[in-house]
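What follows is a group of structures, each given as structure tokens.
Two complexes, one shared chain (chain A), two partners (chain B, chain C).
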Partner chain A sequence: MDVTPRYLGAGSFLSRRDPRVLLLVPVLYLVAVAGIVDLRGVLVCTAVALVYYRAAGIPWRGVRANWAFMLIFTTVLVVLNSILTSADTRSGSGTEVLFTVPVTQTAITWTTLSYAFTILVRYVSLAMVGFPVAFNIAPSDLGVAFARLGLSQRLAYGVDLTFRFLPSTWASLHETVDAQRLRGYEHSRSRNPVRRLLTMRPVVVPVTVNALIDAEDTVNAMDLRGFGGRHRTWMRELAFDRVDYLILGGFTLVAVVMVTAKLLGLTGTVWVP
Partner chain B sequence: MTALIEVHDASVRYLSTGQAALRSISLTVARGDLTLVSGPSGCGKSTLLRLLNGLIPHAYRAEVSGEVVVGGRPVAGRTIRDVSTVVGTMLQDPRKQIVGTTVAAEIAFGPENLGLPREEIRRRTTEVAGRVGITHLLDRATAGLSGGELQMVAFAGVLVMHPEIVVVDEPLANLDPAASLRLMREVRRFVDEGGAAVVVEHRVEEILKFEPAEVLYLEDGTTRYQGPVEGFLRVAPVGHVKLPFGTLVSRARELPAVPAPPRREDQGTTPRLEYRGVALGYGARTVLSGIDLALGARQRVAVLGPNGAGKSTLLRAAVLLIAASRGEVLVDGAPISERSIPSLATTFGYVFQNPGQALFSATVGQELAFGPRNLGWSPREIARESEKVLRATLLDGEKDIMDRPPRTLSFGQQRRLTVALALAMRPRTLILDEPTAGQDLHTTTEFIGHALAADSVESVYFITHDVDLALTYADRIIVVDQGRVVADASPAELARAETVWSGAGLQPTSLLRAVRDHLTDAGSIPHPFDLARSLSLLSPSSPAPQEGTTP
Partner chain C sequence: MNADAATPRDPVLAISSRTVVFGAVGAALYAVLGLFSFFIPGTQSVAVRPAFALVPFFGKRFGVIAGFFVGLVGNAIIDLLQGYGLTYWNWSVANGLVGAIAGLIFAYLPPISRESVRLVVTALGSLLATAIGLLFVITDIWVQGNGIDFKTFLTLNYGPALLADGIAVVILTPALDAIWEPLSKRTGR
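Coming up: the complex of A and B.
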């Protein structure tokens, strides 16, 4: 398995943007859609998110598995939270019981279904604005982007290092699994999570200890090359251009409108057609 | 000439362990000097490097006495960042040193930290990449570089800081000889152009060709010798330092007796491991192809070749850690596909390069029991076998060894423990992956001696970069290069195969030349000490070398 960061959207409209735009947009979008339970409002935001996602130019084949995982995970989450349990749907209409869920005896109404669908669409749209962070920022740009957003130099470079050492940590994990398999170790098939965790000890302990030892060497190597001073030059020059400002302005506008609508009570109720 | 490094009567005691690592060391390195620091594992070489580059006292909690002056100013009053502009450090493993995702980013890392203007960083990056011949790599991802390329990139990352001195920790430990020597040529050039270098290395012979001005030999943290190379060659402990073969001949009377490892006849038996038209690789990438080999059930086989040639891949197929994409692998005459990994564990004991890769238990006793317990052995059987393998690896003499946490053992003891872990499964063949990387001669001899002499083990297959180790301990050498087997012969035959030594990341050693010049028969060769003794009877002793100081 290849664990190196995948820069799938290289050359697309979004990849040409300042990476800070791609980091800020999900934050603004989260502010816009947080707490909105009116499906119409979320659908409007989703339309914006879809346009944004299309601009990322991420090939479908490259993220098919990611989308499948995301959809399955969120669907299960939504079904558990809003259908199998009695979610607070804050609606006066649409209370006619359509059917009752066996076992949990939860009464399902149009309101419940609308609420569940709203939550699902909200998660999907958040993924649309989140995927470009993973696939449209060149791995070497992440550190500088965080640094220019005000994160400390050490933490920002830590982000870069995470990506740098992912492949070697993954290789070390594989090596340890191989070494232990040759001593008869097999993954536990137990359903008991505690037992499963305990049986992973022969792999987890050496990988963790080796990672800590290697990290000490790397920290020393960085110190020996002058890392940690107050002023650091980042070779990658970042500058917002007019398009970047337009995108950020657009998403800020969406956030302001949606927050205002929420404060005015326009989007705080589940919409039932 | 002003000294770049002046160490006066320096002693270091680590506060974490309370142990003294260096005692009263003095060292002066001037511009144009290349100083070799040598000594057995644990003698204080790494501590000395940390003292020179400022990690001690700034990063390690240690009590330091004496004085360390670098570039005319004491290290104690400066930050590591400040010292780093004078002293550049090359770690033993370049993989741990490289932090940039691309080569250009990696080289720029140091100057970025110094806050230099972008134009200056660009100028320095271009200049240093051209100097060490890696301009073509600048846009490449560091994750995809070979070991040799990584080492040159790491060195470029050091040179770009414009240091006055470079300290290099065991440049020969992790890479094939050709790649390591490329780095040493660059170090020599740096010195010749007005810099200075301190190189720590066990393998004295390979460094001597770069003409060190002085040798500092440490033992137990104290200076045992300090002075010119010639004097060092006269007094260096022959069983502990890898010396040129000519020196062994001239000091033949001092060479210790070396018990010959037991040789087992391998005639007419079914091969233990056989490859028939095999191709091996990872995913779509083929690493080895067209492999036709039969390794004997009672053979000692060395696998040589450059980094990334597929040496480990070849032997990992023996334990199903990788499956053949083409052809067939057979174990004891039967297709390996009919076997499982646990069932192969009693045929092959695979010892990985890094002992820390497998150690996880609270005690050595529990660690030893893990494999046999997985095979369903009884506690009594496990206890008996554990005692036996500890005796075989000479670990039984350690106080309360069964109750010791494995990671509190020294690195050499941990390596022996990994052999014990493999032996505890009662394998008939041991496979050793780089068994002696970064180890001094004494530890190497001890380690390989235990592996070869283990009672239950019929054959040993080992992967190595060390040409002399292969010549000394194998009765068959296989050379792998560019995805195929390029040579398969006895050590004496291979020594005469000129074409092999000009490629495959190998370099001829003085032992190899001696074998080529003095042994006429094919097959295994005697231990270098025995060969030196017999040759010394034929040649007069060499003149007395120049004196150094031996406290």
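Coming up: the complex of A and C.
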């Protein structure tokens, strides 16, 4: 397993944008689609999300496992919550009962199906604007992007530092597992969650303690270099260009239109064809 | 004063190089170990993530800010690695709140010298922090826009998450704390 963030969209239209754009767009998109239960409204937003996703240039081969996981997880969630049980459903004009779920006795109508499909499409479209955050921002840009978004300079540096620690932490985990295996450690196959957790102690505890002991050296090195003594500067300079403003303006417009439609009650009813 | 009388601590909300480095180390640990989880048999989607125990542990040992950072950034990185981006940012904030609340709880607890009592208090304090912090996922009602009601939130979101994470913190957080206690005294921290 690769724990290093993958910069799959390098060189694409979106990866040439200021990383703050890629962080702000999902927020604006979330505002736009939250609470919309009309499939037509969600489909319009999804079209925008699809164009945005295509601009990310993320190779399918690199993310098909992520999409498969996401689609399976989301589909199970939606089928379970909105179809098999009545945990998350809505009423609407399509009240004709198509069939009844055998065990839960949930009555399935066109409204139920339309609402479930709306939720599924919404999750997929959220993933479309979310994937570029994962695959189109160079890991080294995240710290400065958060700093320029107003996060404390020290915490922004902490974000930077976290990404630098990932490979060494992963290597340490492997070393520890191998060392413990030489001492007879075997990962539990028990179905008892408590027993499984207890058998993970010989791995979790030494990996954590080793990382903490090593961290003391890093703290001392940073203190010796006067970390946090004055305002921090960053090697990478960020500046919005005209295209960045256009993208942000476009998504702001989508958010304003959808929120207005929601307030006017235009997207608050489940659409039944 | 925290639960360990010998351990001096910075002001609760101070951000020193120590806070930053230990927060970053904790977030990296949480991100790496957090990729491993297993389902509880008999439930539909309750996955125990053993690494969650790190969140209250860092909150207790390294303070409110470090605890919040570990939960927030660690969970966000797990989501990034799995390709979700920041879609479920409110769950990351909830993780962060668990660390921050654990930091607050243990910062104001009186010192406890008996190890067995200290470990029990660590487990209970971590469980309490988890129970309070995860309440933030009630924002799913608005953020994900599902229109789920409070009962659904309790039975499908909060309850399973509390059960899974509660098991992890009760078992592993005291174990981590017991090991770190003599080491922290040795380093004078």
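Definition applied: the second predicted complex is superposed on the first by the 266 of 273 C-alpha atoms of A that agree within 3 Å, B and C clash if a C-alpha of one lies under 4 Å from a C-alpha of the other, contacts with A are read in each partner's own complex, and residues count from 1 in each chain.
Quick note on the criterion: a contact is a pair of C-beta atoms (placed from the backbone, for glycine too) under 8 Å apart; a residue touches a chain by one contact, two chains touch by 3 or more.
In this text, all values refer to a predicted model and were calculated from it rather than measured experimentally.
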Chain B versus chain C as contact partner of A:Phe227, first or second or both or neither: both
Which of chain B and chain C A:Val159 touches, first, second, both or neither: second
Contacts of A:Arg181 with chain B and chain C, given as first, second, both or neither: first
Which of chain B and chain C A:Thr218 touches, first, second, both or neither: both
First (chain B), second (chain C), both or neither touched by A:Val37: second
Which of chain B and chain C A:Ser140 touches, first, second, both or neither: first
Touching partner for A:Leu197 - first (chain B), second (chain C), both, neither: second
Which superposed partner A:Met70 touches (first chain B, second chain C, both, neither): second
Touched partner set for A:Met235, first chain B, second chain C, both or neither: first
Dominant contact partner of chain A by residue count, chain C or chain B: C
Touching both chain B and chain C, residues of chain A: 157, 161, 163-164, 201, 204-205, 209, 213-214, 218-219, 222-223, 227-228
Residues of chain A defined as touching chain C within the complex: 1, 3, 5, 23, 26-27, 30, 33-37, 63, 66-67, 69-70, 76-77, 80-81, 87-88, 90, 119, 122, 126-127, 129-135, 152, 154-155, 157-159, 161-166, 169-170, 173, 191, 193-194, 196-198, 200-201, 204-205, 207-209, 211-216, 218-219, 222-223, 227-228
Complex contacts: residues of chain A adjacent to chain B: 4, 139-140, 157, 160-161, 163-164, 167-168, 172, 175-176, 178-186, 201-206, 209-210, 213-214, 217-229, 231-235, 237
Residues of chain C defined as touching chain A within the complex: 15-25, 27-29, 31-33, 35, 38, 40-41, 44-45, 48, 50-51, 53-54, 57, 65, 69, 73-74, 77, 79-87, 142-148, 152, 155-156, 167-168, 171-172, 175-176, 179-180, 183, 187, 189
Complex interface listing, chain B residues touching chain A: 53-55, 58-59, 80-81, 84-85, 87-89, 91, 93, 95-102, 104-105, 108-118, 121-122, 141-143, 157-158, 161, 316, 319, 321, 341-342, 344-345, 350, 352, 354, 356-360, 370-371, 373-375, 407, 421, 425
